[in-house]
Amino acid sequence: MRNFRRALFEQLDPPKWPGRGLSPLNAFLCVLILIATALAVLETEPLVTRGNEALFHRIEIAFGTLFLLEFLARLWVVPEGSDGPAWRCRLRFVLSPWSLIDILVIVTSFAPFIAANGQMLRLLRLARILRLAKLGRMSSAIQHLTHAIASRRLELGLTAGIALGLLVFGATALYLAEGDIQPDKFGSIPRSLWWAIITLTTIGYGDVYPVTVVGKIIAGFVAICGIGLIAMPTGILAAAFSDAMERSRKADCD
Amino acid sequence: MRNFRRALFEQLDPPKWPGRGLSPLNAFLCVLILIATALAVLETEPLVTRGNEALFHRIEIAFGTLFLLEFLARLWVVPEGSDGPAWRCRLRFVLSPWSLIDILVIVTSFAPFIAANGQMLRLLRLARILRLAKLGRMSSAIQHLTHAIASRRLELGLTAGIALGLLVFGATALYLAEGDIQPDKFGSIPRSLWWAIITLTTIGYGDVYPVTVVGKIIAGFVAICGIGLIAMPTGILAAAFSDAMERSRKADCD
Amino acid sequence: MRNFRRALFEQLDPPKWPGRGLSPLNAFLCVLILIATALAVLETEPLVTRGNEALFHRIEIAFGTLFLLEFLARLWVVPEGSDGPAWRCRLRFVLSPWSLIDILVIVTSFAPFIAANGQMLRLLRLARILRLAKLGRMSSAIQHLTHAIASRRLELGLTAGIALGLLVFGATALYLAEGDIQPDKFGSIPRSLWWAIITLTTIGYGDVYPVTVVGKIIAGFVAICGIGLIAMPTGILAAAFSDAMERSRKADCD
Amino acid sequence: MRNFRRALFEQLDPPKWPGRGLSPLNAFLCVLILIATALAVLETEPLVTRGNEALFHRIEIAFGTLFLLEFLARLWVVPEGSDGPAWRCRLRFVLSPWSLIDILVIVTSFAPFIAANGQMLRLLRLARILRLAKLGRMSSAIQHLTHAIASRRLELGLTAGIALGLLVFGATALYLAEGDIQPDKFGSIPRSLWWAIITLTTIGYGDVYPVTVVGKIIAGFVAICGIGLIAMPTGILAAAFSDAMERSRKADCD
């Protein structure tokens, strides 16, 4: 029994699996999570579920059972990972953010998903999509990204601040120029902000755009100046992430 | 009294606060500026202000008073920072660009904001948004960005010039191709410039686009060639800013 | 005869042509492929082919013959490149992916392209466009790109995973916010995914966008956060490709 | 006379002006070119020229005279720059591309710009916009950009080739998926190419987009894969340009 718990622990929470990959059990769980998420996504499409409600219900119960087993297994093996008394390890484990997501997902799997209606049903489904976040536990991606953000938090903060200021000034400029002509689109700064965000991220849906000559000149000026500044946080984040991965690769070789 | 002025000076204009952060007083002022700006933004939305005009008026007066106190405090403590006679320090302080923004913002806070109408009211509100620029005084972001721009002004100028030339040539090409077909959109080079800016920044609202085969071929060619050149200043600026931050971090360590 | 086969082999599959370029015969074949692809593209346009069906048919047969000759020549000279018995070299050559594309393209060239109709005809034409992939055999571009992707597969996988997760969460958020208001556009997560892809890649056609205040706030938030993360794989790939080319250039000099 | 020619030569074509800037005469000519181009742009707008035709005509003649004087001055001083007989230097100068632009611009300045109509008039105006290219003679930007492109021509060629191939495959995929549903937009590969260019450059006007489920899935896939590859030439070009400027700066210091 003791040995089995040890073996299971090494499968579920390996300190360092050879070859940087996932343990076989974790790889299987990843595939399970991806399939469950894909099903939860498809399930929201009426054209897919029509007539198959019972089937989807049964699949949902099956996945809920599997993830319940995974949670119980993790709860059982967690004392292997630290020295304290078993109950304290387990309590700390249950209260960790990953466990809270697990519990939420498992509970919503078993909730009768036909009873709930409209908005309530949608929130239930959101909980199921949250399963995708469980992948974060197994990968080091989120850790690397968090480190990358932390190591450049000053640059990111400054450029994000400048970008935010630019959004507000751009929105104010268009509010002044076109507030009277298109009151439903530029009639207030919050409304103009929608234009500023969609323009400076270069999405440009085309639902809101200036129509007067003055508005077009200001918008053109804001667009040319702003796009460079809006893109700066992206460049800094990409460079930081690249550096963090490079360092982690070197550390592995040593 | 002397000591209090010294302590206040060190809170308001610290030569170097330990840990690169803001002094407690400046951090409080930053939060104040952000809240005041957010309120000035919300205030322009009729759905928010309807029926709450008196409330917003009172809040505006309160913020105006706080920023007046801040300005007077800065005016009082400014001689601590230099050796000359106090009146000359104060005069120089009052005539600095930051102070002019401060004075403008404070005056507009107390101006009766119901009396003014339409365009005038909007300009008044713009002045309140300008408060956001006060943040620039406290952060080193604008300084870093200014340095980054200055250190690569040659590259930025050259690529900006090339980008500008490209905008004009693209606009001229579409004016030649579609000037007759869509005279209101491509009937002159200034009109075509709106298309060129919105296309080469990849915003693409969809209010103006070529419809003829020749126009589409030219536009496709301009788009493919142009986007690379338009994005170059952004890349150069991001690299320069990243370098400037790196140097500043190293200088801190030494 | 032996010498001619050797000379032909060195023209078709040179171990290393001086000056990094293509051998004269391969350069001629490249031009041939480009012309044939351009014709296959033009051929699909009714305005071009109307009345010229016979001409296009004859050109197609001519290109098919040339590429058949090329294939037979490659089949004949392939034993020059390795030591095993000739029939085994030839079998391995015929079963390689490049040869399968060759055979598919040649067969479809001779298929009567007037007989087939509609969807069938289109697939036939797709096969002709596939000729473009034959260029891959001659260039080292695909090899370099493959190496670049392989050397950073961890970063690319992680950022691609994060980007995918973001797409799903963004789509779910808009499904919750606007599923009732615009059921044909946001009525299910798969439908919302179309919005998420078109928004986070900053294409922004304008066929789908949020119309409620809550939807716009969520979409603005998703856009600002997401665009940086979506752009990260691009930056990493470009850096990796640049590095791979740099190394290849240095290796050439040594 | 000899000395004046020498002094003029050093103003017009300085071997190396101290401080990297332009000579006073060249700086004046730059401003002149910019003003003349701005006027040529404005001139095409009917709202601006209406009633001022005579004024614009006179301004045009004045600029034409100034640029004629500049051209004659350059023609006169050109033998100062080389050792051969004067007539040969002048002939070589007249046949250089810069001179051809000069002559074209001067001739069109004096052509009666009211006589010509419609398309002809537009081409005349294009010639005037070409003046902007004269700036290229004075700046080193185009030289730097040319060097940057030349030094990475292999990478740029490869990524441009991959991008081109991707455009063709994307267009073919949508032609297969939506050719029957939207024949005027995706009915042939050349028509689909307009969609592919506008989508993969992320412009996304919204005049053409897939409407079927299959078309949307293919388009989403093409968009996600393609945008990274399309952006690669830009990144490579920006890096090359940055490097070229860095080297030129270092060379200046030595």
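In order of appearance the chains are A, B, C and D, and numbering begins at 1 in each one.
Here is the rule we go by: a contact is a pair of C-beta atoms (placed from the backbone, for glycine too) under 8 Å apart; a residue touches a chain by one contact, two chains touch by 3 or more.
Remember, it's a predicted structure, so these values are computed and weren't measured experimentally.
K.L.:
Take chain B out and leave the rest in place: which chains still touch each other in groups?
P.N.:
If we ignore chain B, what remains holds together, so that there is one piece.
K.L.:
If you take the chains that touch chain A and keep only those that also touch chain D, what is left?
P.N.:
For chain A paired with chain D, the chains in contact with each are B, C, in label order.
K.L.:
Are the interface residues of chain A and chain C largely the same numbers on each copy, more than half shared, or largely different?
P.N.:
Different residues, largely: of all residue numbers at this interface, under half are found in both copies.
K.L.:
Among all other chains, pick the one whose mean CA position is farthest from the mean CA position of chain D.
P.N.:
Relative to chain D, the chain with the farthest C-alpha centre is A.
K.L.:
Going by more than half of the contact pairs matching by residue number, which of A-D, B-C or A-C reproduces the interface of B-D?
P.N.:
A-C
K.L.:
Between chain A and chain B, what's the gap in Å when you average each chain's C-alpha atoms?
P.N.:
Chain A and chain B have C-alpha centres separated by 31 Å.
K.L.:
Where in chain D do residues touch two or more of the other chains?
P.N.:
Where chain D meets two or more other chains at a single residue, that happens at 193, 202-206, 235, 239.
K.L.:
Specify the contact topology among the chains shown, as one of line, ring, star, complete or other.
P.N.:
complete
K.L.:
Using the touch rule from the top, collect the residues of chain D that touch chain A in their complex.
P.N.:
Answer in residue numbers: 202-206.
K.L.:
Can you tell me which positions in chain A touch chain C when the two form their complex?
P.N.:
Result: residues 20, 37, 40-42, 44-46, 118-119, 122-123, 125-126, 129, 132-133, 135, 139-142, 144-145, 193-194, 197-198, 201-207, 233-235, 237-239, 241-242, 245, 249 of chain A touch chain C.
K.L.:
Which of the residues in chain D end up touching chain C in this complex?
P.N.:
Answer in residue numbers: 152, 154-155, 158-159, 161-162, 165, 168-169, 171-172, 175-176, 179-180, 187-191, 193, 199, 202-206, 209, 216, 220, 223-224, 227-229, 231-232, 235-236, 239.
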